[in-house]
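Take a look at the structures listed below.
Next come two complexes built around chain A: one with chain B, the other with chain C.
== the complex of A and B ==
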């Protein structure tokens, strides 16, 4: 099953390019803007100055964590579309813990990141448990838990765990010690970017070179053969979903500790959903996902400039992202029906 | 690659023509070309009248009724509605005319395999084909059903239909066909009048030489290994009822039966796929009724599953990674490659490349990988469920020989097979399974096929 999501990488690149440039151009023409001008503004906004490159890498980082989490679940044959909720929970845990417990730097940052990973992991563990014990479809449960996550964090941050007054949808500000240091002055780029790259490398190694990775891939590719080879499918599903959620939660924590320095319910412009496209375009391979995240990070950061400079609505980026998901997932659905 | 290369074949009205060859010889491709489902790159087909094809794997819609399946897309209509009464009458008339009794209103999913075959045949007969192609028509039939099936086919031929039977069962070729064409590697290698040839000559033409001999068996002092007392279990639709049997170390116990008589439940119980009631002892200790497959693997039990592509292989993985499957906890990563090379060497896997993708190999080579890895670490008990299904004679002989060698080395083997030939070639003892129950147990040397065949079909011996 997983194989169907990972076939013919070359053609996928073609699909993505058509979606981005073909449909993107069409949308720009509808907005009465020349595609040359529109895409020019997009690239210029993403790479024009060192600060803009830094912002592109910030967006890359924010997409990379949830995309890596999604890839782990997808490789295990589990369609985790709950990265958005897992990221929210992780962000909230990081913000609340960071503001609540002022610790020295060498403890504060690990606490904030670990707290985010644990919260996101717990949020991923719920559908993992439901799948393992009851056979519940994880597509439904993860999707639903996104809404629960948004409402729950909003409730917690304004209600029982409020740290700022007046019904504010934010936690308190993280002390300097809990903030991830900047990589580049006058930018929002932090060492979270390096952490994301390192995580991609570690996950590549885990998938490729460890017994755990071997069993996870077997369970995803050929569940019946994996089961007969002594692999506990329920346990694998639970562990994979928990790990997947933990990675997305860690991503939420880095946004809070690196970029915003507080949790805010508007933390994510849909990173957890865009990351599905990133993971698919990256062929569910952690190293290729880094490249895919860079591409989508560029769209995210350049989109703002495109709107400001060329008058193309930012929504064109969302449109293109959505098309990439539909094109890749849809084509695979067709392939799977033909081969079924 | 060409599946069929420059083949000439002539069918005459009123004859039953057998087309034989190993898996992959091009028989089914040729039948599909004749039917019109595949367009040939060169050459063509001349047929007077229509051509009908009955598939090896039934192409029936399980959820629909018999008449709906038989008349699919040719339903009699009254205005924009289907004329159900006329449809029923037409199917009933058809079934009387050809002596193929079916209930037009029965849902297909409730029918036994033999009846489904009749439905499949009726569907083609409704179009009154002048040429009828039958692709492995008896694969799922009991011996008695096979005889009555061929009575029908012979009757059809007598009425002037030209019939092509694609098969690998030489006994049926000899018994029922008038002419036989043998294919190998996409070419015709022999044409004979059936009465003037023999099963041996046809088999030699199929493999292109002498048949490979099986490994010799040596006497092993048998000691108790697996003992089942009143074991009942269910796996999907397969049911095993109060099975009591024993497998000793150093013997091959054949389980003879027609497909769908509890064999899957039997294999799955031992593999730890489904729970069971009753008592199952292995060596000195009981097997837990709720054990997972990992527990059985750890006890040295290996089950070669029936469906290698789905139940035994990760098709997109390399041969190397597939050889490690099931041993991933004990075999260090660095040993994957030597382990794969060992299996490739011992089982003559082609291509001899550990990086080859398992799904791209032929069925025979896929099965060699599966059997190779199951036998790799001297298992105590091997359950082989249809271990040679759909693979060529050379690969089948190799697999069977390795199983015999494992037995010689002191392993116990439970060989579950739908092919009596295989059981008689390999087993030391024969158990017969019918309706989920063991209905007979024999030393192979003291029993004949007729006795086993009658028990398989559910008749008392």
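== the complex of A and C ==
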């Protein structure tokens, strides 16, 4: 046990467990609920029935996309706090395109997903450009763009691009052909889950085995050496942010095409922020991130039951998520931040 | 006075109101960054200040006690960031992001525990018009005081030295980690006043998400103001003007979402146009580890 705690991974796991169970229990006691009852309701709500397991996997999927996007940027030495906005834009593009252009099945789903990825990518390209060309800190620009994304999509969906009347904050419903098929009847789990897993595998391979992945990591880990080796840091930053945004945008599109079947401005309960914790707990490695997403997906789906069954406010989950981020902030400092 | 002059006066007044919380947050950010610690957690610190102020004002019936509690809460939250940023030398921006998420959640949790309802607190004794005006004036006085303190006092020199070159500061006998720690904590206390202003001066309650990214706009104001208290105050007034402008333009029929986006877009454009031409403190955001 003590030997395990001496390894970095062992310490990280210990920190996460203390944050989740220690702080979680404390918060439950403050809400006058026994931690046994609270965590019981959480686990039961996440894994109690096949439908609940399916919902946990839905939440896992929704966190996995933005977490993978954040990890890609992070590996390139960029902190993308804008996944939430990129996800919103991607979701809006998917919903609007899907409802606007009824195409046959083999075209509708690719169009919707591609539209989401392009919109999210464009939203990620803005801070990428500002960083690469003008040297603007990506942290603040992505933070600002989150707010702009929420306001812009609300404006578009109620204003010039409205598809449903009465100032509704939704697009029209996606035709059946544009909806991602269910994996399990009576659940919201769709093949988007498989897509997310496949994407994680692809990104793992890209990071580990391709020249592009090598350049990305070099720019993140040793920017000065990378620059001397002829890697264009500005271009790498731009591409990494665009790709990061595209992945988050694709995630938004899968929520629209898989879960909601329309875009709604309440699309995300903060997936783009929770995903920061997911990416860090997963050590920025796409394969470990899958496991981390499962853990946080459990907290998300179980948190609903915890509130309903045990009367513990769901905010406990976000509280724990924030503390996990603080606790793991030491594991990987961004080397290149100050080159701007 | 004619209508246009009245409108201009109203706009100027509203600019002051909208700028004040930004000024406090930006001053906190300036102090923190001049010592070498980037404080992304300003937003969370404002939330803590706003929420604690409401809870204590409601419990004691005294808005002044509430305001003091808000300051203490902001300083305590900043102390968490200060500790992990100095003693543990972690990535400050990642830690600050976690702080924001945790603070927002803790306030949301607190609403349910204290008031038995999500969303918003009940109304509590507020600072009133006189108190609000005092807070507005105090913001400008604080900016001048901090400008002088940073430029002219030994403490200010120490803070700046730690932000530029903590190694050199240490060899000159300054405890860099300690200096940074206290700069972040005091900065947190100042920034928390921005939250107090929102909950006890502009309103008389706490509602979920009421800080609405002002802590982040304040970060842009820090850069735009070239890391000086007076510069950041000017930038905060600039962003406050765009926030105030929404209300004027709203009456002219411009869609409200686009107007609400104005301060963020202004910050974004300022950042892009400005970033290449300003220089941050050399060791800003770089954890200091004693060799």
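The rule is simple: the second predicted complex is superposed on the first by the 322 of 340 C-alpha atoms of A that agree within 3 Å, B and C clash if a C-alpha of one lies under 4 Å from a C-alpha of the other, contacts with A are read in each partner's own complex, and residues count from 1 in each chain.
The rule we apply is simple: a residue touches a chain if its C-beta (ideal position, glycine included) is under 8 Å from a C-beta of that chain, and two chains touch if they have at least 3 such contacts.
Bear in mind that the values here come from a model prediction, so they are computed numbers and not experimental data.
When the two complexes are overlaid on their common chain A, residue A:324 makes contact with chain C while staying clear of chain B.
When the shared chain is aligned, chain B comes close enough to touch A:225, but chain C does not. Once the two complexes are laid over each other on the shared chain, residue contacts for A:94 go to neither chain B nor chain C.
When the two structures are aligned on the shared chain, A:315 is found in touch with chain C, with no touch to chain B.
In the superposed model, A:125 lies in contact with neither chain B nor chain C. In the superposition on chain A, contact is made by A:215 with chain B only, not with chain C. Looking at the superposed arrangement, the partner reaching more residues of chain A, out of chain B and chain C, is C. In the superposition on chain A, A:79 makes contact with chain C only, while chain B stays out of contact range. Residue contacts after overlaying the shared chain place A:27 against chain C, while chain B stays out of touching range. The contact sets of chain A with chain B and with chain C never meet.
Residues 40, 80, 84, 88-95, 97-106, 108-109, 112-113, 118, 212-213, 216-217, 219-220, 223, 255, 257-258, 260-261, 264-265, 267-268, 271-273, 275-276, 280, 284-287 of chain C are the ones that touch chain A when the two sit in their complex. Here chain B touches chain A in the complex through residues 271, 273, 292-294, 297-298, 303, 305, 310-317, 321, 324-326, 328-329, 333, going by the rule given at the top. For chain A in complex with chain C, the touching residues are 27, 30-31, 79, 81, 130, 134-137, 139-141, 143-148, 151-152, 154-155, 158-159, 270, 273-274, 276-277, 280, 313, 315-319, 321-330, 332-334, 337-338, 340. The residues of chain A lying in touch with chain B in their complex are 3, 209, 211, 214-215, 217-218, 221-222, 224-232.
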